[in-house]
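Residue numbering begins at 1 within each chain, and the chains themselves are lettered A, B, C and D in the order written.
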Amino acid sequence: MSLVVFPFKEEDPEVLLRNVEVALEHPRVSEVLCVGASEDRCFEVTSAEAPSLVRRYGKPVKVILQERLGELRPGKGDGMNTALKYLLEETDHDRVHFYDADIVSFSAEWITKAEEAADEGYQVVRHYFPRSSTDAMITWMITRTGFSLLWPRSVLPWIEQPLGGELLLSREAAERLFSDPRVRRQSDWGIDTLYTFSMVAHRLSISEIYMDVGKLHKLYGALTDLKTMLIECFSALRSLKHEHVPEGTVHHIEYPGPVRQEMKEKVGYDFERTLLLLRKGWTERQADLLSLFPARVREGMLASREYPRFAFMDEETWAEVYAVLLAHFDSGDDDWKELLFKLWITRVLQYTTTVALRGYDYAMHYLHQMVARYVHRALVGGSTV
Amino acid sequence: MSLVVFPFKEEDPEVLLRNVEVALEHPRVSEVLCVGASEDRCFEVTSAEAPSLVRRYGKPVKVILQERLGELRPGKGDGMNTALKYLLEETDHDRVHFYDADIVSFSAEWITKAEEAADEGYQVVRHYFPRSSTDAMITWMITRTGFSLLWPRSVLPWIEQPLGGELLLSREAAERLFSDPRVRRQSDWGIDTLYTFSMVAHRLSISEIYMDVGKLHKLYGALTDLKTMLIECFSALRSLKHEHVPEGTVHHIEYPGPVRQEMKEKVGYDFERTLLLLRKGWTERQADLLSLFPARVREGMLASREYPRFAFMDEETWAEVYAVLLAHFDSGDDDWKELLFKLWITRVLQYTTTVALRGYDYAMHYLHQMVARYVHRALVGGSTV
Amino acid sequence: MSLVVFPFKEEDPEVLLRNVEVALEHPRVSEVLCVGASEDRCFEVTSAEAPSLVRRYGKPVKVILQERLGELRPGKGDGMNTALKYLLEETDHDRVHFYDADIVSFSAEWITKAEEAADEGYQVVRHYFPRSSTDAMITWMITRTGFSLLWPRSVLPWIEQPLGGELLLSREAAERLFSDPRVRRQSDWGIDTLYTFSMVAHRLSISEIYMDVGKLHKLYGALTDLKTMLIECFSALRSLKHEHVPEGTVHHIEYPGPVRQEMKEKVGYDFERTLLLLRKGWTERQADLLSLFPARVREGMLASREYPRFAFMDEETWAEVYAVLLAHFDSGDDDWKELLFKLWITRVLQYTTTVALRGYDYAMHYLHQMVARYVHRALVGGSTV
Amino acid sequence: MSLVVFPFKEEDPEVLLRNVEVALEHPRVSEVLCVGASEDRCFEVTSAEAPSLVRRYGKPVKVILQERLGELRPGKGDGMNTALKYLLEETDHDRVHFYDADIVSFSAEWITKAEEAADEGYQVVRHYFPRSSTDAMITWMITRTGFSLLWPRSVLPWIEQPLGGELLLSREAAERLFSDPRVRRQSDWGIDTLYTFSMVAHRLSISEIYMDVGKLHKLYGALTDLKTMLIECFSALRSLKHEHVPEGTVHHIEYPGPVRQEMKEKVGYDFERTLLLLRKGWTERQADLLSLFPARVREGMLASREYPRFAFMDEETWAEVYAVLLAHFDSGDDDWKELLFKLWITRVLQYTTTVALRGYDYAMHYLHQMVARYVHRALVGGSTV
């Protein structure tokens, strides 16, 4: 039987409670755990409701505060790790599911499909779903790019949504992850990167299952909203750059279904507001740091102070930028953080105007091929044919 | 039997000659006429080859220079009108076809489909074909927008490609067009607008036929290439603003086929290079002229001198801009021309980043609905429901 | 202000009442009329609820029985004509809307879009919507085919959903239709054909508006369910074959939007159960009647008694079959009715296995081109190019 | 450097020679080998041309007859194995490519993409490409179904085109395959199944690369053309049913690109002609053999002698049929062969009318999910959630 965990922070308690009930109704679920980031209103409302849910469904429902387990900014990582600790120390459930608390499209099917894949013997089951062609820009440009360049022989580059927060772990998988000090330490947004990395590093078998319905959530305005997430995801990945990852992980991806027209039409961020970010927040030091980068990058970025430039930041250039960032980025340095942000925005704008503009199907094909080309580059270098 | 006309100017003579042969081979064609803008190399090569084509196909092939018939810049208008004059004064063919000299996808089917529609009794047959969602921006933002706002009860707004240069005219239709002094006068790029306008003004019956293969031609770099065409198309349309157009024209549009993935993926222009045009060529006078426009337009355009702004130029705003341009634009004034160009670029960028980015199918639906909303606006004003 | 009419017969009263409320809430609606085919349960429930709706919305809600106005089987025709009579004799509303009582996707937008089109001056507004490629087989193979062959110069062939029951009529249009004895007479399923025919015959201006949401209704099992409808629709059309229809009707079709994947995936009927119908119900007389048809039709149909044959019934053959049916069909003769049914099934099977099997986009293109080819055939005969 | 092999049998020598030249031009290719099934005209023409190709390209071109190496019907298996023998005994090339001799869309890219994947370290590279939704019915219903039911934990079920004849083997992989007596024995159409099986059984690392252009070849009429292939593919698979296949093979599938509309519209076989096969060739013994199958299968198949029945042969029923075939089929028995053929046709018809009819995207999703469900069934049984 399984434990279902909802980490949460300032969510709409109505959505969370509805999702808790969906979980409680499921025959494979024997307990639900809500882990709050702080004693906010959602925490209070959910705590107050828990007892009546327990009575109604005859299953335990806990609402707890996340512990301070890691070493970085206290965030989602502490929340998820708190849940693993609870699972391992307080219960004997065979499996644990994680779901973000704000999924409005949550249903029994999310749990069923994960349990069915686990029944086949997979130690980890990851949900994935269609996303708009201009959404998921940290996933593609930071995480999958980095996984490809650093560990091209592993399955890491091929994991569809390495930052996804919806997943199932067998108890054994949970033990392996929780016992990895690299995972425990990662208290911030980097936790998803670390879970993914660690499950591959520990050779856990992975099944990715396709949720056609997707994970409805609101889109971003300017990409500013994502700045902290970007920095923590990149920093997490960079902190692992000297680690070894074995080959041969069992990894199965469910074949995706036709994508709804509605999803194909979604735009992930506000173009003009994002463009304006290229002009802001420059310091002399950032300009100096640009001397570490290839000339066309330095010149392009500096020119953007006057009028936007992004066409130069193509796939090849981004690989070179990424190498410099892996070598020199300093996550404690505000100028590096701002520069990373601007470089990434520049890459996203180049991609948007030359790739995403060609339509959803083209863009999805491009992004997957981009990963394959980065893997090829890391393994073989440029083509010699 | 029919005359086929290829107006040309500095084209690849190989393409032109191949197309001439396609026409000569067609059983419905009894003569081919090539009308050159000047005695350029294409003119020389084609003239030299004509006699052997005459021998081979046993049909007349003429290569002539366009006459000076109009009053504006000598251009495509003189070329097409020269062909009409030739048809009416020198021949007794029943029908005339026009094809641009540079269509590499030209085939007998273009002629056959047009003849078949004419056989049904249509006086005018217009070819139309799928175009990329960021192509045809003069057609959508200038011509179809203007037709909708000025003659909402006529069929003008609904003509799929009002600037298309591939069409068939019955002899009677050719007479009506050629006898219209508004048409004769229009020697420049405005000729397509005038032909379309005039065929509706004269209540000629129109069939639009769908050419799945499309008209392959190279795409533009920055939109600069289109500046003259933009200005002449808008000026032509503006010159007609007080003219009356009757309702009730017979107008049939062939149902379009599925669009090839390749076409859906095309990008019509270079985004970054076009963006940079917003910064260039400003004069004090242009800034002054902006006072004629709504405040948000004035402010947005002026701000673009520092950093690009275009999100404000939505469909509603463009209608207001268009009204000001209809009232005040002066085609003899370089500042007005430059300002029109920048306003149009701003509209195109707004459309590209909020509509075209959503994919081909969404964009095509949007553009057609935009026309319908402009028609509704002109007929009824804002919705009162 | 407008009257909204729901004709009904044994519908789910909950759906009907919900739709009545949607109509009552609309600012453009001043009265709702439900016309029942008989005093069934739906009639009783709706009648009982009407007074409280009147109180709640402050607008009249009438539930009446349809009168016997026509001469054929008492059916939907009497229902719709009863509503016209009510409108013209009992009220002074400017416009009347008809909606089928069972549309579960009904919303204010259906009314709003129709009113907006009427505001532009159209006398008739017809709703149309995406349908599955194997649905609408009476529309395509009977009605649009017949309109094309009989009145190729009119707009009849181009009306997207000539059997659609969702439409708006201006008071003037309603008067014209109701005063037409051909319309009054048509008390059965043929009424939709007659309304469409009559609005074109009377040169009423028509706007077809696109409802993206579609009209959700259950699909058919074997095509038996449609037998009566098929026969009445064909008979209605055949009864008009000597009538004259003028050209030049104003007819505008709203550009359709992208079709949802879900609709593209729908199958309209049960293939195997329909196939089995080819074997059943044969009489000697039917075999004799087949001698009126071309040899390949006669042989194919007779062979189907042993094992199914349908590949022969292509577009060209169907046109020949249609001509024989127009000449000889007798709606009072059961063998003719059964034979029409089998011939139509054969056509539908041929279309399904060679066209619909190629996918939604291909099929929609084919069907529209088929209409165009039938029009061409009627106007010009086979191609002479 | 690589050897390129074209096995051939009665092909158009022009196509073969063109493909040989494409191979010879490629910088990674140092020799081309054509293996003929017999001394047919293609063999003669190709042999005659070889010397001039050798002179022109300065690389060896051999045209040889296939040896008798196997134990079953002499066919494609002997041809491919002859090439392996040649590679290993006569040359020291590092890699060998196989391409069917009749691919009209063959180009340097086929070789380049395979070499690039091999450069990444893969021992086997398999080309795959989009196929029509009603094509590949042996692959889906026989091979992938069988792989799923028999070896659900291996990667066999997930190989996109297990019967594909376009592939690259490293020398080491070629040695492993050629040294496997199960492979050597398989002289007939079963060879593709054996190569695929053997490469997984030997844990060779496999990369599947996507050829967008596809492998153009003519489609089938009635499915009769495929009868021998069907029987040999099923027999080959059945002969392996007691073999063990290990887990953990490295297997990567290149992400597929958008599929051309043209491919989505293709129909793989003639429906009516195939339907008629259900009626033919019945014997008493076949009727008796049906008693081994579930009642609904027996009854349905017998009924098809009178009028076609196929709706009963759904996914679940096919799994039951497949189990009976694995247990009882006898490849030396003509009645079993005919019965297998009819059962498979019945499955294909059911799939065509309920799945393929829903469109390409739906069908591809269905087929992949079907494999996943068969794997789940073999691993876990029916869902227990």
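What we mean here is this: a contact is a pair of C-beta atoms (placed from the backbone, for glycine too) under 8 Å apart; a residue touches a chain by one contact, two chains touch by 3 or more.
Not measured: the values here are computed from a predicted model.
Copies subunit A and subunit D of the same sequence differ in orientation by 180 degrees, per CA superposition (steps of 5). Of all the chains, the one whose CA centre sits at the greatest distance from that of subunit C is A. Simply put, of A-B and A-C, more C-beta pairs touch at A-B. Averaged C-alpha coordinates put the centre of subunit B at 39 Å from the centre of subunit C.
Annotation: 48 Å between the Cα-based centres of subunit A and subunit B. Here the CA centre of subunit A is 51 Å from the CA centre of subunit C.
The residues of subunit C that reach two or more other chains are 258, 261, 361-362, listed in rising order. With chains as nodes and touching pairs as edges, the resulting graph is complete, every pair of chains being joined. The touching residues of subunit B, counted against subunit D in their complex, run 258-261. Subunit A meets subunit D in the complex at residues 27-28, 112, 115-116, 119-121, 152-153, 158, 247-248, 250, 252, 254-258, 361-362, 364-365, 368-369, 372, 375-376, 379-380, 383-385.
Those residues of subunit A lying in contact with subunit B across their complex are 134, 261, 264-267, 270-273, 275-276, 279, 307-311, 352-354, 356-362.
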